[in-house]
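Going in written order, the chains are labelled A, B, C, D and E, and every chain counts its residues from 1.
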Amino acid sequence: MNAVSYAAQAVPADWPGGYWWHWLFYTVVIIVFVLVMVMGAIYIERRGMGRMQLRYGPNRTGPFGLLQPVADALKVLLKENIVPNVADKIVHWLAPVIAFTPVLLIFAVIPFQNGALLTDLNIGILFIVAVSSISTVGVFMAGWGSGNKYSLLGAMRNVAAVVSYEIPMVLAIIGVVIFTGSLSTGAIVDAQDIPFILVQPLGFLIFFIAASAEINRSPFDLMEADSELTAGFHTEYSGMKFAMFYLVEYAEAIAMSAIITTIFLSGWRGPWLPPWLWFIIKTIIVFFVMVWTRATLPRVRIDQLMALAWKFLFPAAVINLFVSAIEVLVWPDISQWIFVGVNIAVAVIAIGVGTKMFKPGWGKVAV
Amino acid sequence: MTTTQEISLQTEPFVLNMGPLHPSTHGVYRMRVTLDGEVVLDIEPMFGYLHRGIEKLMEERTYTGCIPLTDRLDYASAMGNNLAYCVAVEKLAKIRVPERGEYIRVITAEMIRIANHCLAVGSMLNDAGALGTPFFYLWNEREKLYDLFEMLCGQRVLHNYIRIGGVSQDLPDEFLPALEKFVPQLHKFINEFEFFLKQNEILIARAQGVGVLPKDVALNCGISGPLARASGIKRDLRKDDPYSVYDRFEFDIPTAENGDCYDRYRVRMEEMKQSLHIIDQAIKKVPGGPFRAKVPQIIRPPAGEAYGHIEGPKGELGFYLVSDNSIAPYRCHIRSTSFINLTALRQMVKGWKIADLIVIFGSIDITMGEVDR
Amino acid sequence: MEIDENKEYIYDSYQLDCDEGKIIEQMKASTKKSIPDPADWIDADLKRNIVLTSLDWVIDWARRSSLWTAICYPACCGMEWMATLAPRFDGSRFGMEIMRASPRQADLLITAGTLTWKMAPNVRRIYNQMAEPKWVIAMGACGISGGIFRSGYNVVPGYNKIIPVDVYVPGCPPRPEALLYGIQQLQKKIGRAKAVPDLSELPNPLNELPNPLKKDKKK
Amino acid sequence: MTTALSAKEIVSKLSAEFPDAVKEAGADSVLVKSASLPAVTEYLKTADGLKFDYINYITAIDYYDYFEVVYMMTSTEYNRSVTLKTRCETRNRPTVPSLAGIYQGADWQEREVYDLMGITFKGHPNMKRVFLWEGFDGHPLRKDWNK
Amino acid sequence: MQFKFFGIGMLKGLAVTILHIFRRPSTSQYPEQRLNISRRSRGNELIWDREKCTGCATCAKACPQGVIEIVTSTDMADNKYKVETYRVDTGYCIMCGLCVEACPYDALYLGYSFEKAKYRRGEFVQTNDELKESPQRPASGYFHPDIAKKLPKQTLLIEKATEKRK
């Protein structure tokens, strides 16, 4: 028994309000976890990208520059808050809040370790999919409410990306659900004797790409697109509200890393170390891969983004779904290690065929 | 892979003001972009935000005093501007440059070409959204060249090194050994960089077939340099109108056929290799003797006019000088490469997306200091 | 989709150009004197108040260790500014590698290059768009005094005609180390004094000038 | 080596087509009447054996008495160059026919000359100031312009 | 557009970036680790030697923008010019070095130091003895090879890079 679950169970069930203590405890845990992880994520990203670019990155504030995110946060929070005259004041104010809340909600169904989660919904996966796309509403409100053309373009791009990528993402998850037979996140982790990244390699790739597109990590960071749209949807935001968006950006990345960890990397399971540590380590590793791609790849164009979703990921996800369904239906009892081999072969063939058939975007338009 | 497709929805165009201070306008360039959604219908380039009146200022300065001004034209490749100006003045005043001076000039000119292409490729990739990494790798190489320039003339960016009739100071003793070390090291780096990006699917998707500049349009617009060579115009003043001692070196002119952004990137990478080849030959052949002809600080060229041009890193860079036998040029016109290369931008971007506009603009490789002068 | 030459679209580009010209002329006419250095303001400020509490110290520490820069590199000094961020000198060690393209999120304006009259309203606009607290470093000879182009017909002799400048870094262009030294001077200044000088009591030409932003709002 | 066509050669080539276009032949440049400039350049650009298809620069010089507009063209095929000049004697709204229809590269360069020297190019599609703002007083590269 | 196999090019790129983590960064951490700058460095100030100067004002003529202000008076006893004011605005000077090049008596040097950031515009104007050489204001070897020899050897990034591979 370790700290987190012990603390959770330390509150006797017969205390007045029983369930609410559990609720309160995990709310605090989630908020602290998200804030600390976001700070860590910012640190990892800046230092990691620094080292990939042959430099050090922030190393002056505190030991090894560990306090850099704290300084950033403090400074941004204390900056002047500007609302442009042409902005829609209410929408402009409301947007960051709406964007931020769903990110916290996602963590309600993420198991930090066995049984340690706010609520083990039996439709956990569905909840994640539903909630994670609400942020887009906030982003679009930001884009529209700012009264800035760059913001609007960025927000439009984000909506388009989320609407398209939701489909391959859900289909990729369904592949996992078929193997597990349950929508509950706890059950999915329990079912992963072999991590699903091996059983579902194609599904993992599709989910990873779709997730990066949905949360606008590079190479799909079209809605911010520094070099094109200055700062995208948050061009007109400063101070506290900008800090919220900045937080959303990284909290979403952490949330997606946590989801990937839960669904594909067998969540908190692992030898030797305590389970919650395994969960955090895996989340950080997934986030690091996101940083890594961000440091390496150029950005795709909006029509190529759409093309990738509809012409490549969607068919691939359907193939993955069918193959998984057939496997589970025909050989329900054999070892999953056989599926590992078969599915990796399927993934390689699907990508190979996709390469030959895929044409990204339509390029030039007659003007 | 460019297919053309009609837009079926009736939409209203809107105008986006890009610049003058936009992250990817390489300075202070401004465009009024008419957009239909993401599609660029038309652009109206506007400049002059860095117009410092260099041509007017040159009329007030002595011939030597103009050299610091030329540095600040194309600040990404200051040495090239110095050379072009001095070539023009020497043509006007009929001054012969000693052998050693000519070789030093060739070495520095090729060094600045490499430095400029490092920046050009890096910033194009940066515009394409590769967040800094390729840019910083290339900048690291540029930094090595900066070191060498600093050793040579004491400044990293604006060199003010080449003088009328030669160069300002002789090579320091440790310069050539350092350069000899640099050449194989850069070869190694270029190979690594090609491995890094040449085959990258996203770069290919973003750059291949994008912003095609047909050969005839390029010629009609007066476009020169890597931009023209990527469109298949095999013209390089180092071969076609050799200045300095370029006729003594062996090198190729890399060209490409398609004239898209990817080809421009390829041509620049190849040119870096060719420049290294020239430097390699020049190091071995640098003769002794004086590095500067005996030219006084203040010269009075005979009345007349001369047009001196060189193949600068960005293309044909020329100075048209009119002298009235006084200590300052009567009129100096700068045939600035960037300004004329930019002419084709409007044709290249029509119908492409706003994201392509940025990449195409980046692939032209301009410096606003040279456009606005 | 065709652009109809005859149809009146959203804007008349010539009219817009003329409007811009008017703003520039207005600006040129109204900036005869340079703005006094904020260092003087702050000294005056220091005499009047203040006891620095430990909370102030933390806030100053946060502000000076994450100076995000606005993008403003018109000319040559931009090269050295890029070099400052590049691996060799690595400005990111001071937590300033994040370049905010949107001035609203930036703290520091490094004016890397010559300022022309045509550009002046835009720079003023960017300065106005930045959220308080904000600082300005004038980089290079052109930023300080107009440098070699000072006698040019389109050149503003120094950024301090347009915006208050906190630190001047000489050189043409200054080496990255020189710029980093300038940034350290600024960091010292942030730690030493109240960050935002009270502009209202002191002679501040900024308040008397036309604000290009207002022009847009009317449209 | 790009050989500059000597004035004699150009004159001999032009005299057949345009007998009264050439005003004066300098050392390596030809002074052309401004009215016949577009026809001459069109001929130089398209005629066999000439093919001056690439325009190097357009500039103007203020000689107090007159403005001289200088054009330099290069033939990429034959690697030869030619320098044409034309003059406008008046200081008040000097006008020269535009070459923007023949060389696209002339478009912005003519705008630049207009902006800085104040020479109007007749027939140019978009004769606006390019560097300075609308409302700028005078044309700075003129010798009699001062602040 | 031709793709070989989806992801190969991207994987190559990813390999390159991850390998760079294990290389030594090329950073020199400025305030603590200082680079030896070039022996010919054109630092951000001008150094004037009062003893050598004859007041000929060649430097002022050579300066492309007229930064140098020099006022002289005739010294009847020695039959020499006496320099009364020698004023340089280092905020205006662009350190092109043409004055140093022009000076026939080696009385002008460019500075070797570059840390000259100031809070006030007025502090850049330096007159007479403020322009003297001192330990805080060492002279650089620009156009003075004898001084250049004494200065430390320049740190080169290229040498750092080639050493590493050995």
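Throughout what follows, a residue touches a chain if its C-beta (ideal position, glycine included) is under 8 Å from a C-beta of that chain, and two chains touch if they have at least 3 such contacts.
Here the structure is a predicted model, which means the values were calculated and not measured.
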Problem - Contacts common to subunit A and subunit E (chain labels) - result: B, C
Problem - Separation of subunit E from subunit B in steps, with touching chains one step apart - result: 1
Completion exercise
Chain centre (avg CA) closest to assembly CA average -> B
Fill in the blank from the handout: Distance in whole angstrom between the CA centres of subunit C and subunit D is 42
Exercise for the section: Please compute the C-alpha centroid of subunit A, do the same for subunit C, then give the distance between them in whole Å. Expected result: 37
Completion exercise
Whole-Å distance, C-alpha centre of subunit B to that of subunit D, is 26
Exercise for the section: Provide the C-alpha centroid distance between subunit A and subunit D, rounded to the nearest whole angstrom. Expected result: 62
Handout entry: Residue list for subunit A, restricted to those that touch at least two other chains
Key = 50, 52-56, 226, 230, 295-297, 359-360, 366-367
Problem - Residues within subunit D bordering two or more other chains - result: 129, 131-133, 140
Completion exercise
So subunit C residues touching two or more other chains come to 1, 3, 17, 86-88, 90, 93, 99, 101, 118, 148, 151, 153-154, 172, 175
Problem - Inter-chain touch pairs (all) - result: A-B, A-C, A-E, B-C, B-D, B-E, C-D, C-E
Practice task
Could you please specify the touching residues of subunit A with respect to subunit E in the complex?
Solution key: 48, 50-56, 292-293, 295-297, 351-352, 354-355, 358-360
Handout entry: Residues on subunit B engaged by subunit A in the complex (per definition of touch)
Key = 1-7, 14, 16, 22-24, 38-42, 125-133, 136-137, 140, 200, 202-203, 205-206, 209-210, 350-356, 358
Handout entry: Parts of subunit C lying in touch with subunit A, wherever the complex brings them together
Key = 1-3, 58-59, 61-63, 65-66, 86-87, 90, 92-95, 97, 99-102, 104-105, 107, 129, 131-133, 217
Handout entry: Parts of subunit B lying in touch with subunit D, wherever the complex brings them together
Key = 47-48, 51, 53, 55-56, 217, 219-223, 233, 235, 237, 240-242, 307, 309, 316, 318, 320, 322, 330-331, 333, 335, 339-340, 342-344, 372-373
Handout entry: subunit B-facing residues of subunit E, complex
Key = 1-4, 6-10, 12-13, 16-17, 20, 26, 37-42, 61-64, 94-98, 101-102, 110, 140, 142-143, 148, 153-154, 156-159, 161-162
